[in-house]
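As structure tokens, the structure follows; a few thoughts come after it.
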Amino acid sequence: MNRKVMIPIASIIVFIGFLLLKFDFEAVDSSQALWDAFIVTAGGFLTLMIFSFLYRDNPFYKFAEHLYVGVSAAYWMCVGFWSNIVQQAIPHLSPWLSEALDQPFLGYKWDYWIPIAFGLLLLTRLLPDSLKIGWLSKWTLAFIVASTAGLLMTANLKANFISQISSTMSLPLLPDWTGFGDFVSNFDLSYGGQFIKMLSNWVIVVGVISGLVYFFFSKEHTGWFGRVSRLGIWVLMVTFGASFGYTVMGRVSLLVGRLTFLFRDWAGIIS
Amino acid sequence: MIQALFLSPVFSPLFSPLFSVVSHGLGPVFSWIFWILFVAGVGWVFWRTIKGREVERRVIFLMMGLTVAGAVLTGIVLPVQETVVVRNIFDTIENLEEGDKVLLSLDYDPSGAPELQPMAIAVSQHCLEKKLKICYMTLWGTGGAMIADVITAIRPDFPELVYGEDYCNVGYRAGNEAVLKVIATDFRKTFPTDVSGIVLDSLPMMTGVTACPDFSYIVAIGSGRPGIKEWVEYVVEPSGALMGSGAAAVSAPQLYPYYPQQMNGMMGGSKGASEYEKMLRRGYPKYGEFRAQATEIMGPQTVAHVFLMLLIIFANISFFLAKKRKGASA
Amino acid sequence: MSRLSRLSISRKTFLTSLLSLLVFAAYSAPLLAQDSDISVTDSTSAELEGAPAAPTNVLAVDHKYDIGEAVDVSWDLSFDDTAGMRNVAGYIIYRSVAGSAEFDSIGAVFSLTSSFADIGLTRGETYQYSVSSYTLSGQVSEPIVSAEVTTEREWFDWDEVWVFILLVLIGGSVMYFIYHARKGKQMFLRKIAGLQAVEEAIGRATEMGRPILFIPGIHDMDDVQTIAGMTILAKVAKQVAEYESRIFVPTRASLAMTAARETVREAYMTAGRVDAYRADDIYYVTDEQFGYVAAVNGIMTRDKPATCFYLGAFFAESLILAETGNSIGAIQIAGTAQPAQLPFFVAACDYTLIGEELFAASAYLSGEAKQLGSLKGQDVGKVIAMAAVLIGAVLATLGSEEGMNIETFRGAFHGIWSVFGGGQ
Amino acid sequence: MKRQIPLALVFIFGWLMLALYFIPLEGAQKVNENMLDWTSIIGIFALALGIWSLITVNLDRIKHKKRDWQYSFITLFGLFGMIIFGLKFGGENSMFQGQESYMFRHFFNDILIPIYSTMFSLLAFFIASAAYRAFRARSALASILLIGAIIVMIRFFPFVAEYTRPVADWILNVPNLAAKRAIWMGVGLGIVATGLKVILGIERAYMGRD
């Protein structure tokens, strides 16, 4: 027997062995117990299959990957179909369809025909090319892209542009300033101190402006302009480094979650 | 015998400030084996670095896996330092009055759960200790399961809770930002019923709640879009509701700009969660260390951090050595 | 050089216009606030035994700029809230409908709050409001009644006037420069490192006989980043077609797949190689974020693309993709407007387009004059932002100093600030 | 015609959506809110195209016995299996209850979520290898990246944290804020310009030709 046959068979045997280990033979509801055992066993095996990708691509990873793709695609399609079409659109389109699909009819809403019509236009792509109406699908594309572009322009201008400007333009460059003498005699390096406050405001104002200069396209980045733009990219880089460092924590916690599952729920090593 | 040796007064004080070991781990013998292996592995990587060889990525993967696995198995717990950003949330809830309503939005899925679920649980426990009323909701389709898990986790501590009076779950509505836009002014328009179809008006705790600002405090715990940013944009800014948040470590830095104006506090990643757990533990000692989920995660995280820092240092040593060698040969 | 000098003139014009707008806003803001249908009702001292002092100056004003469904109620804080007994726990707001003397309680706010927005009213109806203060022990002051107010509809949302003005300014300059560029005006543009590498990277893939992988982000066509990614895909695909190489475009979103197919087919047609176009190389994988990542990882390790493009909206998967790409030795060019993912692309990819550069890239690559013109329009937006930040900082600084006669500046600053939505 | 109508649609809907933002009109807000519903309904039709593509690609692979064609069976098996679980028929006692079906929900929650979380947790490994490679003081920019990362990373250590924490917090709160704001402003401008180009029909690569 070659490896192509041996590996799947061996895996199935190991899987069933594990399943038996996890199966609670004293359970009242044996089908429920079987399902519980199956969930834990399969979860653990699939976890290991995905981890095996770290070593290299292999049949186990391929198995998990292909299964994942198929099942998740179907999952999102079913969820989308039931919640967006059946529960959302149908009850406003036709009493007959609503009844057939067990949904309460909620009254006609003509505007739900718009997406349905555009959706059907999209499906012209599925018709044979000889019909030559596939181009109708572009209407839908045009509709979605244009209306979301129109919506996003204002929303983004407000949230990303105006609100960022308005929260930056209120920073005094000399906070709590009562004179140079006071500044020197009360010099304080603590976090809430005047010096740090001042430094922070300067860094934000200078950082924002130099960052914007870095993004400037229509002027060559040379001379003083180049120096400011250089400062801008430095600020960006410090930030990127810092964000990267900050993220490590969260990523490791995900691994901890997985390994805890493996050790506790699956292998039962720790309690 | 061996155990007694490791637990002897000679050794334990040496390490007690560094870390302690929780009861469910594999015990001190294993911890020693683990630390020896860890040091040996790091030493080996260092040796290769000195000899000017790159460390292969698989070796890094293996070391990383062993480090975290070892730390999980030993159950290391490290001391936590509190910060004001987290304390603000704790204090806000601490200062609310009995019967006040809190809206808890869990906008994440199982991948965010290791970091965020502990926050949701700790905040829920705190609210219930203060006899506040909690309304759960989610903007993520997968969030319903998260809410169910949180409720299952807190129920045993509060057996007397009555659904509809002390807490309720309005569940998920599709529409992302649109949901927020609407509930900022009209809660019932989007959530006419709770998750199981009960009309909201028939739940005693929801009388008087017409819009988001009717909640004394909103805690949005989220890991992406729609999440905290959307809460700020579509609820806090237009309606002026008081909000605190819990963010995944990855998105926390970019949410800092909203603190303290738009949200009065933020828990960032498991670090923030473990801080909250610590505060909770101090105020309500019945929440022991063993039940603090985020605190448990912190140990392995820190060990992984040490490893990563060492890797970066080694990488730079090897880089400079290589440069020097190149300079010498040229 | 004449080109540059003309540029600086236009910039000056924009700065001046912006400044004058800001000053205008600063002066008009107080005027807007003082509306005619304001009523002033003076309160007398508390008549009820133990009750707190009542609030004063209760105003009810139709909420401007809406469809006529809201009224803003405001008042001056009770004497016992800020000073005096300091026992005010909050305020209760009552409402009555046109002439009826019956006031219903419609809401309450905490102490130190002096406004309330009543929403969900009927347009054209006349209402009257009254406000009382109350203490924790339950004593309520006499209610202070406002004048009548009628809800009105307006046709322009003046709350959003700044969005409108900036949209006109920025959109206008984008269109202006597009128009100018169309007329054949040459424009200087700085280099973007990642974009210059595109052609080289495609060439390298062709030489090595390996395919090219293009990921247009994980969002659908309702994200502008995806649209920017598609425009770049058009240029990349055209070059791929010319070099007779092969391109894979797995997508996470189904509409993005449709768009990508149109894009690539068009590119192949332009290159005159429509017969080489393979629709099956552009395919939908799954909506599941990490299911998609798992599949793309598989494609990378099995097909070993020599070049990987990641241009669009990315989330946590950014690093998984980039590291897997790195392990197969691919040249990687990434670009996204997600600030949280930029660090990973910067660390793991050869070239990264940061934020706005992603949107600029499509214009750069197209090389069309009208596309390039828009970049200059974007720069005008940056000048506005910089000017606003600088002016704001200077005004705030002056405003924080004591003893200088700068009341005018201060007033102007607060006006601008409040109009911009600050200080709320 | 084929070319003009989509461009006209783009123009009309683009300006309409833009204008509705500024008009306080019952209908305007309704359209704004409905737009999201509409997009998701159209998304389902688009998904049909997607699923169709997934099926044909996999069938093609099996038919031509392309590399790894055996695995296409697994994808198709998963796909159709899940679709069957997601069907709804047979009344209340049937095991097919659409998305409420026991098997449908649990298959996803209990089998696929583990894969999902595991994929996500691969990041812990990749972040290590990326850090090892990228954080070397090769150039001025790389050094700055390195410094930023190091300062923030040591803030988590219990002992040094006392001293490094304020610095790290400051970096995360101040320069980080400045950089993010600059990026956001740029992105805002980029989106406005791109949106405008889309509405004006200048940016239309996504629509192809013919």
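Which chain is which? They are A, B, C and D, in the order written, and residues in each are numbered from 1.
The definition used in the following text is that a contact is a pair of C-beta atoms (placed from the backbone, for glycine too) under 8 Å apart; a residue touches a chain by one contact, two chains touch by 3 or more.
The structure displayed is predicted, hence computed values, not measured ones.
For this structure, the chains sharing the highest number of C-beta contacts are A-D. Centroids built from CA atoms put chain B at 18 Å from chain A.
Averaged C-alpha coordinates put the centre of chain A at 5 Å from the centre of chain D.
Put simply, the C-alpha centre of chain C and that of chain D have 19 angstrom between them. Shown for chain B are the residues that touch two or more other chains, namely 57, 61, 64-65, 68, 111, 113, 174, 250, 253-254, 257, 271, 301, 304-305, 308. Those residues of chain A in touch with two or more other chains are numbered 50-51, 53-54, 62, 64-65, 68-70, 72-73, 75-77, 79, 83-84, 88, 122, 125, 138, 140-141, 144-145, 148-149, 152-154, 156-157, 159, 161, 164-165, 167-168, 205, 208, 212, 215, 236-237, 239-244, 246-249, 251-252, 254-255, 257. Residue positions 18, 21-22, 37, 39-40, 42-43, 46-51, 54, 68, 112, 115-117, 119-120, 122-125, 127, 129, 131, 133, 135, 145-146, 149-150, 153, 156, 169, 172-173, 176-177, 179-181, 183-189, 191-192, 194-196, 198, 206-208, 210 of chain D each touch two or more of the other chains.
Taken as a contact graph, with one node per protein chain and an edge wherever two chains touch, the assembly is complete, since every chain touches every other chain.
Across the complex, chain C meets chain A through its residues 7, 160, 162-163, 166-167, 170, 187-190, 221-224, 227, 255, 258-259, 262, 284-288, 290-292, 294-295, 297-298, 301-302, 339-340, 342-344, 346-347, 354-357, 360, 375-376, 378-379, 381-382, 385-386, 388-394, 396-397, 399-402, 416-417, 420-423. On the chain C side of its complex with chain D, the touching residues are 65-67, 153-157, 160, 163-164, 167, 170-171, 174-175, 178, 220-222, 224, 227-228, 230-231, 233-234, 253-255, 257-259, 261-263, 265-266, 269-270, 280, 283-291, 293-294, 302, 316, 319-320, 322-324, 326, 337, 339, 342, 344, 346-348, 354-356, 358-360, 362, 370-371, 374-375, 377-378, 381-382, 385.
Remark: chain A residues 51, 54-55, 79, 83-84, 88, 159, 164, 167, 242-243, 246-257, 259-260, 263, 269-271 touch chain B in the complex.
Of all residues in chain B, only 57, 111, 185-186, 211, 224, 237, 240, 250-251, 253-254 touch chain C in the complex they form. By the touch criterion stated above, chain A contacts chain D in their complex at residues 35, 39, 42-44, 46-47, 50-51, 53-54, 62-86, 88-89, 101-102, 111-112, 114-116, 118-120, 122-123, 125-126, 135, 138-157, 159-161, 164-165, 167-168, 191, 196, 200, 203-208, 210-212, 214-215, 232-249, 251-252, 254-255, 257-258, 261.
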